Amino acid sequence: MSDTVKDDVRVAAPAPAAPAAETARRPRRRLDGDGERGLLSGYDRGRTGTRWGLRAAQGLVLVLLVVASLGPILWLARASVSTTQDTLRTPMAFWPSGIDWANLSTAWNEAQISHYFANTMWVALGSWFVQLLVATTGGYVLAVLRPRYAPVVTAAVLATLFIPGVVVLVPLFLTVLDLPVVNASLLNTYWAVWLPAGANAFNVLLVKRFMDGLPRDVYEAARMDGAGPLRMLWSVVLPMSRPILGVVSIFAFLNAWKDFLWPQIVLPEPTLQPLSVRLPLIRDTVELDVFLAALLISMALPIVIFLVFQRLFLRGAGLGGAVKG
Amino acid sequence: MSATIRWVRGGGLSTLLLLLPLLLVFGYFAWFPIGRAVVMSFQETNLVADPAWVGLDNFRQVLDDPLFWTSVRNTFFFTGLALLFGYPVPLVLAVVMSELRRGKGLYSGLAYLPVVVPPVVAVLLWRFFYDASQTGVFNTIFGWVGLGPFAWIQDASSAMPSLVLQATWANAGATVLIYLAALTAVRGDLYDAAEVDGAGLWRKIGHVTLPQLRGVLLITLILQVIATFQVFTEPYLMTNGGPQNATVTVLLQIYNYAFRFGDYGAATALSVLLALFLAVMSAVYFRLTRSWSTT
Amino acid sequence: MSSTRRHLGAVAAAVMAVSLVAACGSDDEPAADGGSPGGDGGDEQVTISVSNLPPATESATREAFLARVEEFEAANPNITVEPSEYEWDVTTFAAQLAGGTLPTTFEFPFTDGQAMIERGQLVDITAEVQALPYADSFNPSVLEVAQDDSGSIFAVPTTAYGMGLHYNRAMFEQAGLDPDTPPASWAEVREYADAIAEATGQAGFAQMSQNNTGGWILTTLTYALGGRMEDGSGDDVTATLDNDGTKAALELLRQLRWEDDAMGDNFLFDWGTINQAFAAGQVGMYIGGSDVYNSLVTENGIDPDSYGLTVLPLEGGDAGVLGGGTIVGVRPDASEAERDAAVKWIDFFYMSKLTQQDAALADAEALVATDAPLGTPALPIFGAEQLAESDAWVADLVNVPLEQMMPFKESILDQPLVPEPPVRAQDLYAELDAVVQAVLTDENADIEALLETANGNVSSLVEAG
């Protein structure tokens, strides 16, 4: 759970970028010229010394980023198709005894990574759905419908922001073991991961603040046309909220993929566990080369998602700023 | 009663229905457990028998545990190191990157890449990198320039810095993006004005850039403190608190109480103590975002 | 609940079921749970779930398991058995118990027995176990791990092992050592470790240090050097972590690590990772339970030819070998009928292969058919003679390199078996993890001071009860 919370902090982190909002909406290309400029002026950039200094700094940063960010991932990619002995004896050499493609299929099939991959997918999709459902319906009611008790609910949701996930780790766990009123145990079911994921105040507040900022006359117009609350949500508010829903979705999915502590606690049954929980355990039982291949497979999907939706990720910062409270 | 009904009706029944997912999920998995945490910290339970009230025993036990201060010290150490590594580096990166005219996407993409790697994968991979033998990955690389071999996580004094290094690798990208966003908001006319006053590059950074970023810097500071105080995956998977308890953090201690020794009372008591501390930090954070975003 | 019926129930596995159920009804004394007349608690339908069903990846052993379940159900028509893949794990146990997902019977290690009994996490099955025909023949020091202070029985020990020294024969040869004459004293262990490290560049000797295993193995070493971690019995136990045996053990580790540099570069091992490293040829010798070979084969794919096992050298007046093993218990909220059925299952599935030739053979054949290891040296649950007898039943089927384990098998029964520390063993182990790690990672670690602190910490826990 705490992992979730930690990630939430990261997700929400863009929020403080509020002042960026005003400018971020304007085209960003115009770094120079009329008022939109950075640290260096056009004059600075014209000076040879500064220009080369800047280029050198930027080149250095690029090299640093490639080595630090890409390096470990490329190393893993290389190691996952190397033999165990190569990886142990000459970790930085390139395939002294040839490429061992079989690792990947051994990991996928025999080490059953395919099975845990599917579990992870299931965990992530369910968490995504619950988070989106709670955040959109909740945000909609609190921001658009605004019943009289809305401030109370908003405050109660807000209050959970102040309580770190750690404090509820054990009681939440006991709650999952024996749900009050319904007296059911969610242990060893995916509901135990999905439902608590929905209790994410950051999501609700992000969506609420975004919807707060939507022009209210649109709602009035829709109401005039006789749209009920549900119709209005579905055909007016949701389409307009697509940007924020994209951000919430992508972080909800990825955070669920990354989550470790909570699924480890509530899914003790090995056949149900996602990759994060399973990887530390299979380390002891498969050969190193297969294990490294398993690591590579486990990080592949998040990276692909990131590459595909890179713009959404990076724009997250600006969007986060746009929903200031 | 009817007043209540009218009050609820005030929003309409369909409104309430729409709010139901939020109320149920938060009720069951946020509000109720928070209340229960406070109650549980005064109880002893083994999950089999009915819980018994034990007053402040759990708190006393937690505070008397010789590992309590070790874990607090370690957590502060982790946080301090994380700030030392993870605070200035992203700032420098962001300042350089914000001056890019082309390829900003590439730079930020690269910077952010480690953030999307699942923490468990990253930690297990780095644990292998930290192999202390001559042929360990990092030791091989350092060997090229005649350094090492280093003990990394196999030594009490270097274990925590090694953990922090990994955590910084995993998280710095997110901070870079925050700074980048904030930098685009620094008003150009301030630079113009500084230039009119004849300020050079460093003066501009010192007198315009940093003061303008003050709010964001403070907020990321607090966010980092809050996040690092809940650090778990790294010490749990990399060293499991060792060597010599050098990497036992507060959250690891909570986990061990609950899930290694079955002492749920002590675990919640320590959670409540940690929560009190973090709640203060969060309150500060919230005040800052508020006051800062209205300026 | 007569012993006869339950005993026959077990035999039924090999014979025909239906007739037996009819036959035993007449032998039975009235049931205590108000079951049908004639005591055949058998008429009451009861469902139990049982643990350790092999996962689908091990299809052959899984089928063998399921076949046993069917046999059992045929012999006990009133009992339905739901097999589960559950494997006991200390971190999830209490949760599974509270969450209701714990099977009715489950296996767990000796080490955790006492703590679970104290916490009320097992049900008292004294009456059911006493009714077994072999109830009186349990080796008392083994049965002890499943009993509370008053002698009530909470679980049934099913396998026992002694700690031994595992070594890599190939690495011995590389270092010019004779793999058939393993070290017989701790001085020789040092000598051999040094030679192996020198010749192979790997760890000549390695030691677990994490997740309580550091304390566990240090306790083993302490016993082998004549020390004890706790003194006294009952309410009068005091912690004695700073005894001379432990000091000598840590001094030995210190020498291996710092004077000889014979322990490699990585020291954060636990049970799983050290097995992995040993199977991968990164460790020359290490201390572990004598049954580890089973897991080295099934999980780590060790090369059988390179495996060797010998007894730990015992030095000093009161030296002994630490024992361990598996016990099977029943969840604390089991009803009387469930308890009865659970003990029947334990008798049928676990005990019959120790006590009856037919069952032993059937079990061994199933294991061998799936290439699962059979014949790893064990310690007697009942008595040495009985163990020799049951070993002889299946001798022809043994598929482990027994020759290479003979140094252990020949001497282990002569070594005095010492149980684990009786009070707060896991907390004691956890405390000692840090001590072991200190000695292995800090050249200037002050052994005396470390032990004094650890002893103080454990003492306050032991006094608290």
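The letters A, B and C name the chains in turn, as written, and every chain counts its residues from 1.
Just so it is clear, a residue touches a chain if its C-beta (ideal position, glycine included) is under 8 Å from a C-beta of that chain, and two chains touch if they have at least 3 such contacts.
In this text, all values refer to a predicted model and were calculated from it rather than measured experimentally.
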item	value
Distance-maximising chain from chain B - centres being C-alpha averages	C
Chain pair that, of all pairs, has the most C-beta pairs in contact	A-B
Gap in Å, rounded to a whole number, between the CA centres of chain B and chain A	15
Chain B and chain C, separation of their C-alpha mean positions in angstrom	40
Separation of mean Cα positions, chain C and chain A [Å, integer]	43
Where chain B touches two or more other chains, by residue	47, 131, 136, 259
Residues of chain A touching at least two other chains	88, 173-174, 177, 265, 283
Set of chain C residues in contact with two or more other chains	92, 95, 98
Complex contact set, residues of chain B against chain C	46-49, 66, 131-134, 136, 149, 151, 153-156, 239-240, 242-245, 259-262
In the complex with chain B, residue positions of chain A that touch it	2-3, 5-6, 9-10, 13-20, 22-24, 28, 31, 35-41, 43-44, 50, 54, 57-58, 61-62, 65-66, 68-70, 72-73, 75-76, 88-92, 130, 133-134, 137-138, 140-142, 145-150, 153, 156-157, 160-175, 177, 179-180, 195-196, 198-199, 201, 204, 228-230, 233, 254, 257-258, 260-261, 265, 275-277, 279-280, 283, 292, 295, 298-299, 302-303, 305-307, 310-311, 313-314, 316-318, 320-321, 324-325
Residues of chain B defined as touching chain A within the complex	7-8, 10-12, 14-16, 18-23, 25-26, 28-34, 36-37, 40, 47, 93, 95-101, 105-122, 124-126, 128-129, 131, 135-137, 140-141, 169, 171, 173-175, 177-178, 180-186, 188-189, 191-192, 195, 201, 204-205, 208-209, 215-216, 219-220, 223, 226-227, 229-233, 236-237, 251, 254-255, 258-259, 264, 267-268, 271-272, 274-275, 278-279, 282-283, 286, 289-290, 292-293
In the complex with chain C, residue positions of chain A that touch it	84, 88, 110, 112, 173-174, 176-178, 185, 187-188, 265-266, 268-271, 283-285, 287-288
Touching residues on chain C, where the partner in the complex is chain B	90-95, 97-98, 119-121, 209-211, 264-268, 270, 332-333, 426-427, 430, 433-434, 437-438, 440-442, 453, 457
